[in-house]
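Before I ask anything, here is the structure I am working with.
For clarity, chains are labelled A, B, C and D in written order, and residue numbers in each chain start from 1.
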Amino acid sequence: MPMRFVATVGDAEHQVEVEELTAHTLRVGVGGRNFEVDARQVGPSSFSILLERRSFDFDVARDGEDLVIASRRGATRVALVDAERRSRHHGAGARAHAGGRAELKAMMPGRVVNVLVAVGDDVAQHQGLVVVEAMKMENELKAPKAGKIAEIRVKPGQTVEKGELLVVVE
Amino acid sequence: MFKRILIANRGEIAVRVIRACRDLGVESVAVFSEADRTALHVREADYAVAVGPAPARESYLNIERILDAARATGAEAIHPGYGFFSENAGFARAIAAAGLTFIGPPPEAIEKMGDKVEARKLMAAAGVPVTPGSPDTLETAEQVRAIAKKIGFPIMLKAAAGGGGKGMRLVEHDKDLGAAVRTVASEAKSSFGDGRFYVEKYLNRPRHIEVQVFADQHGETVHLFERECSIQRRHQKVVEESPSPFITAAMRREMGEVAVRAARAVGYVGAGTIEFLADADRNFYFLEMNTRIQVEHPVTELVTGIDLVKAQIEVATGMPLAFRQSDLAQRGWALECRIYAEDPAAGFAPAPGRIETLRLPDGPGVRVDAGVYQGAEVSLYYDPMIAKLATWGRDRNEAIGRMRRALGEFVVAGTLTTNLEFHRWIVEHPRFIAGDFDTNFINQEYRPEAVAQGGDEAHLAAVLTAAVMAYRNGQNGAAAAAQAPAATAPSAAVTPWKMLGRLDLLRR
Amino acid sequence: MFKRILIANRGEIAVRVIRACRDLGVESVAVFSEADRTALHVREADYAVAVGPAPARESYLNIERILDAARATGAEAIHPGYGFFSENAGFARAIAAAGLTFIGPPPEAIEKMGDKVEARKLMAAAGVPVTPGSPDTLETAEQVRAIAKKIGFPIMLKAAAGGGGKGMRLVEHDKDLGAAVRTVASEAKSSFGDGRFYVEKYLNRPRHIEVQVFADQHGETVHLFERECSIQRRHQKVVEESPSPFITAAMRREMGEVAVRAARAVGYVGAGTIEFLADADRNFYFLEMNTRIQVEHPVTELVTGIDLVKAQIEVATGMPLAFRQSDLAQRGWALECRIYAEDPAAGFAPAPGRIETLRLPDGPGVRVDAGVYQGAEVSLYYDPMIAKLATWGRDRNEAIGRMRRALGEFVVAGTLTTNLEFHRWIVEHPRFIAGDFDTNFINQEYRPEAVAQGGDEAHLAAVLTAAVMAYRNGQNGAAAAAQAPAATAPSAAVTPWKMLGRLDLLRR
Amino acid sequence: MPMRFVATVGDAEHQVEVEELTAHTLRVGVGGRNFEVDARQVGPSSFSILLERRSFDFDVARDGEDLVIASRRGATRVALVDAERRSRHHGAGARAHAGGRAELKAMMPGRVVNVLVAVGDDVAQHQGLVVVEAMKMENELKAPKAGKIAEIRVKPGQTVEKGELLVVVE
């Protein structure tokens, strides 16, 4: 029995249907078109894919909830959801923070050298907010979006962990 | 020749020195911090000695521990690599005091060039052109303003003890001057323990062009032509090449002569680099001298055929240089891309992690100097450079074609992020291909969204691949559930498609 | 330039051609047999088409399937690599008949040089020195005996349709003549479908020296100097180098001129090699012409800086050669070691298998052309060469030092055996280092027991390692037994020391 | 409690004793001398060993019952036996065929082209016995020892598998 998924790449959603043909080939339907895919694992995270005589050599990594599928031609980020479950849950308040709030988090462990803004400041997108020293280099972390500074969680001299919330822009 | 050399460094440069030792039949001694027990340089060396905890100042920068390691292993000489102790006159003296040989210049030469303000004065006296700027170090924003009035904005503020692109700030307008002075003074103090700074005129469309010099202990000093390193981000070199696509034959000759004069002025011995900035009118000015082997030395090796690290070791034993100026010529063209564990889209923030898959490019005209291996951990304690990728071609075009191909072959996958895509973007850029760039290139041209995300066909193939993985994953889940109490299935048949862990298909 | 090229080959040479395509911005099409679906050349190409079952004659040697693959992918030209169809005039003609371009010489040139006896006659007529021997093919032992009486023993029996070291037998004494004639005739018939053979005088201490030639479609023919390939086993090259440590400058000039004359005599176009044998007195004689790219082409690329495969493609489009004779020079020295999945201690029997661990050497002066990757299976269906390791140095000494180091860095582990240790033995051998060898070197010098088994210290470390593994293994066994019904332990903590399976400590 | 083994390298036997000191270091006694060994796994079959400041990078493979431990300095073949069990079984007829019999087996799959000897022939060590074609090359398989041909199991034209017995010399 074929399985159905919804794949999201960038802003585009694709209905995908997969069915096994032989040990190594599968039929994959995307947007009404059918493809025969010959897929082999050739390394811990490496896959050789033949698709209509095109050869793709992919390395696959998970980044959060997405799959990042990289080849010499570049990387594609794909989010996959089971089609049936999705239709049940669809519209039920998914993507909560999609609205006005954006969080600036530390990309890696380090020490806060400077905070360049104050709560209530209006900031432009990419404006520097916090300077963090890590690996002997000072990195200016920038506003993920334009807006107003809602919260500042750190102060100079403080050590931060990777992923720690630094500033909230609304 | 030495019997055994200790390398007071880590990462790719430690491996590079080990290789030079091995080519010479000399034994190598690695030192390592607690974070580096399984690092590549430890695996590759003949001997390895622990020198302390992960933070560099407690291990790689611990003079006593390193000298102990040299004594314990019977090493006769110490190679400092770049960074760490490479431009530290105190370390060079401590090595000599312990009766060992420092593979590098005399401590006096390090000192003279280490103080950037003193070096400027010395160079000017030796007839080397220097950028207009403050004749001495400054302390206040007012002093800076007075100089700026004379030479005009934009200006560069530079830490006197800085170097290698660190401790620098560009000031374009008077209004930014106060903040910039505070930042540079503070960064200089915290990074170099010396808050003094000076001012230089910021050139119009500056290009960073440097000359490799080499001197032996017998008074012979030569240059090995130029490298251009104008592709920089935040004053850090990203792509280097030799020859420079910018300079003329006459300028090359002149820069080479000036560089040799500069090296002679400080009694230089060994490998060193005279860095210049050139403006759009092809005037060039002394920037600083790096009194060590440089990251980008492979491009010079590829076009001249000289093994610079081997030559460093030979010169340190007292041997005369194996080549004269007239033996040296540039052949073809070489490029180098520095591959970092960093996230260009996140402002080039370091992004270390574990390397699950590593495939290094190879074949004609490709050289890789890697500091890591498949399964290695890129530590957050040190510089995030994981490899240098260099290519050679008969001309610049061929070298670029090979670099593009090699970047395509290069696979680093795991919990880290690399700048490979960023490099692919650079070598496809029309201005890069035309040689029409200056040190502002990345600032002006790079936008994270500009980096290729793969074509439509690759997108489609990626979606299909993801779907196939999810399908296999679902199947294996069902199969596992159906036969849960049974014996473990042959793992090879099941694990492949599960390697990313069970996909959670209901996560929104 | 072509938009897309099909490569009618596999292994490292297919990958080599894909790289040349990519450097030129040309798309590549791989073909593969059922045994090669996951081979490296399939992974690296832009397109890949299945052409039949594992045996080469049903896939890689199936003209129709290969032409179908070219048509289906829109390939405009076909590169044959070496081996397979590379010296098959019928294939070249079939490609032309299909309206595609064969990247190689005209079929007439292939034919003229393919018949070794006709080629000898042709070359003699063109003023190229040929070895004393039979003027034509022979059929009986008696005919051979008559020639032998004239030129004296030892003699070489050679298949007229042979080449590349196949279909040859040395006969030293009259008493061995009958058996040798039978073997050569039978092997020639079974290998080449043509049982004819001829006789040549066997030279005293022969050295195999060959000259790379290149010609375009506009009458320009040049040579790219010599390669020496005297390190052979059973007439198969094992180590090659350029320049030759044997020949003089005058001999080099003369061999180059003779080689160009030989190529012109058959209207040659593209890359080809004129092979010579030289005797101890530095007389040299035409051996055969290989009308294709050769395995050992990288050493010529390293010393001349010319990309021979790229030049093949350019010449096939009708472009004039990008270099004249006067542009060409040898710079430094290059060596190549052919890394095979074979067991030197078992008479060099092929020893294919799965590659569990692969670490390729790298760094200054090292080039690897590999046809495999970690996890790949070396198939018993095809040639057991898995990679070519080449090094370059300013002089022979530096190239040898780097080769030693690179062979040390090279790790191939798994269910296969390689000749890496054998190569390490060669490059340490005093006669090799002195350049004092001929084609009998391996026969005379190699004994399996002579190959280093590691020093005492390495022995001790190996015993300690084995003991530590056995200890961990025992512990894990005990731990597993103690907590058998409990949840599976975190696999990372347990598997490492078990990767070789449970050691059976009571097996004798 | 330390474990004890007997390690055989070439003709030499070593009494070996192993005991854990810390997570990564072990004490190993060999022939009365004690060594502190720091051992880490760095790849699927790769181990980094520090031994009195010497660094060894080993790749380990099993070949039949032996471990082949290879580094840039060469390969060492080690046979390991549990010391206590061994002492119980020692001398109980181990190494059965060690005497006069030697078997010539196919190194890989191929086709027999020629058999060069007959049963009863006297042969010298390294004398050619059988010619097998494999991978397009003819390989002359040689006598493992001097002696008399006791059995010939193959004839020309026959296909043989890897490890198949071809000839017995006694």
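Going forward, contacts are C-beta pairs under 8 Å (C-beta built on N, C-alpha and C of every residue); 3 or more make two chains touch, one makes a residue touch a chain.
Quick caveat: nothing in here was measured; it's all calculated off a predicted structure.
J.: For the interfaces A-B and A-C, which has the higher count of C-beta pairs in contact?
T.: A-B
J.: Return the distance between the CA-based centres of chain B and chain C, expressed in whole Å.
T.: Chain centroid spacing, chain B to chain C, equals 37 Å.
J.: So the centre of each chain is just the mean of its C-alpha atoms; given that, what is the distance between chain A and chain D in Å?
T.: Distance between chain centres: 51 Å.
J.: Go ahead and note the Å separation of the Cα centroids belonging to chain A and chain B.
T.: 30
J.: For chain A and chain C, let me know how many angstrom lie between their CA-based centres, rounded off.
T.: One centre to the other, that is 46 Å.
J.: Do you know which chain D residues sit against two or more other chains?
T.: Chain D, residues with two or more chain partners: 43, 54.
J.: Residues of chain C touching 2+ other chains?
T.: 44, 373-374, 408-409
J.: Is the way these chains touch best called a line, a ring, a star, complete, or other?
T.: Shape of the chain contacts: other, as it matches none of the listed patterns.
J.: So which chains actually touch one another? I want all the pairs, not just one.
T.: Listed in label order, the chain pairs in contact are A-B, A-C, B-C, B-D, C-D.
J.: Looking at the complex, which residues from chain B come into contact with chain D?
T.: That would be residues 29-30, 37-38, 42-49, 72-73, 373-376 of chain B.
J.: What part of chain C is in contact with chain B in the complex they form?
T.: Those residues of chain C that touch chain B are 15-16, 19-20, 22-25, 44, 298, 301, 305-307, 309, 331-332, 359-360, 362-370, 373-374, 394, 398, 401-402, 404-405, 408-409.
J.: Could you list, by residue number, the parts of chain C that touch chain D in their complex?
T.: Touch list, chain C to chain D: 187, 190-191, 343, 346-352, 356-357, 380-384, 408-409, 411, 413-414, 421, 424, 451-455, 457-471, 474-475, 496-497, 499-501, 503-508.
J.: Report the residues of chain D in contact with chain C in the complex, numbered from low to high.
T.: 3, 5, 7, 9-10, 14, 16, 18, 20, 26, 28, 30, 35, 37, 39, 41, 43-47, 49, 51, 54, 56, 58-62, 65, 67, 69-78, 80-82, 85-86, 89, 94-95, 107-109, 133-142
J.: With touch defined as at the start, can you tell me which chain D residues reach chain B in the complex?
T.: 24, 38, 40, 42-43, 48, 50, 53-55, 57
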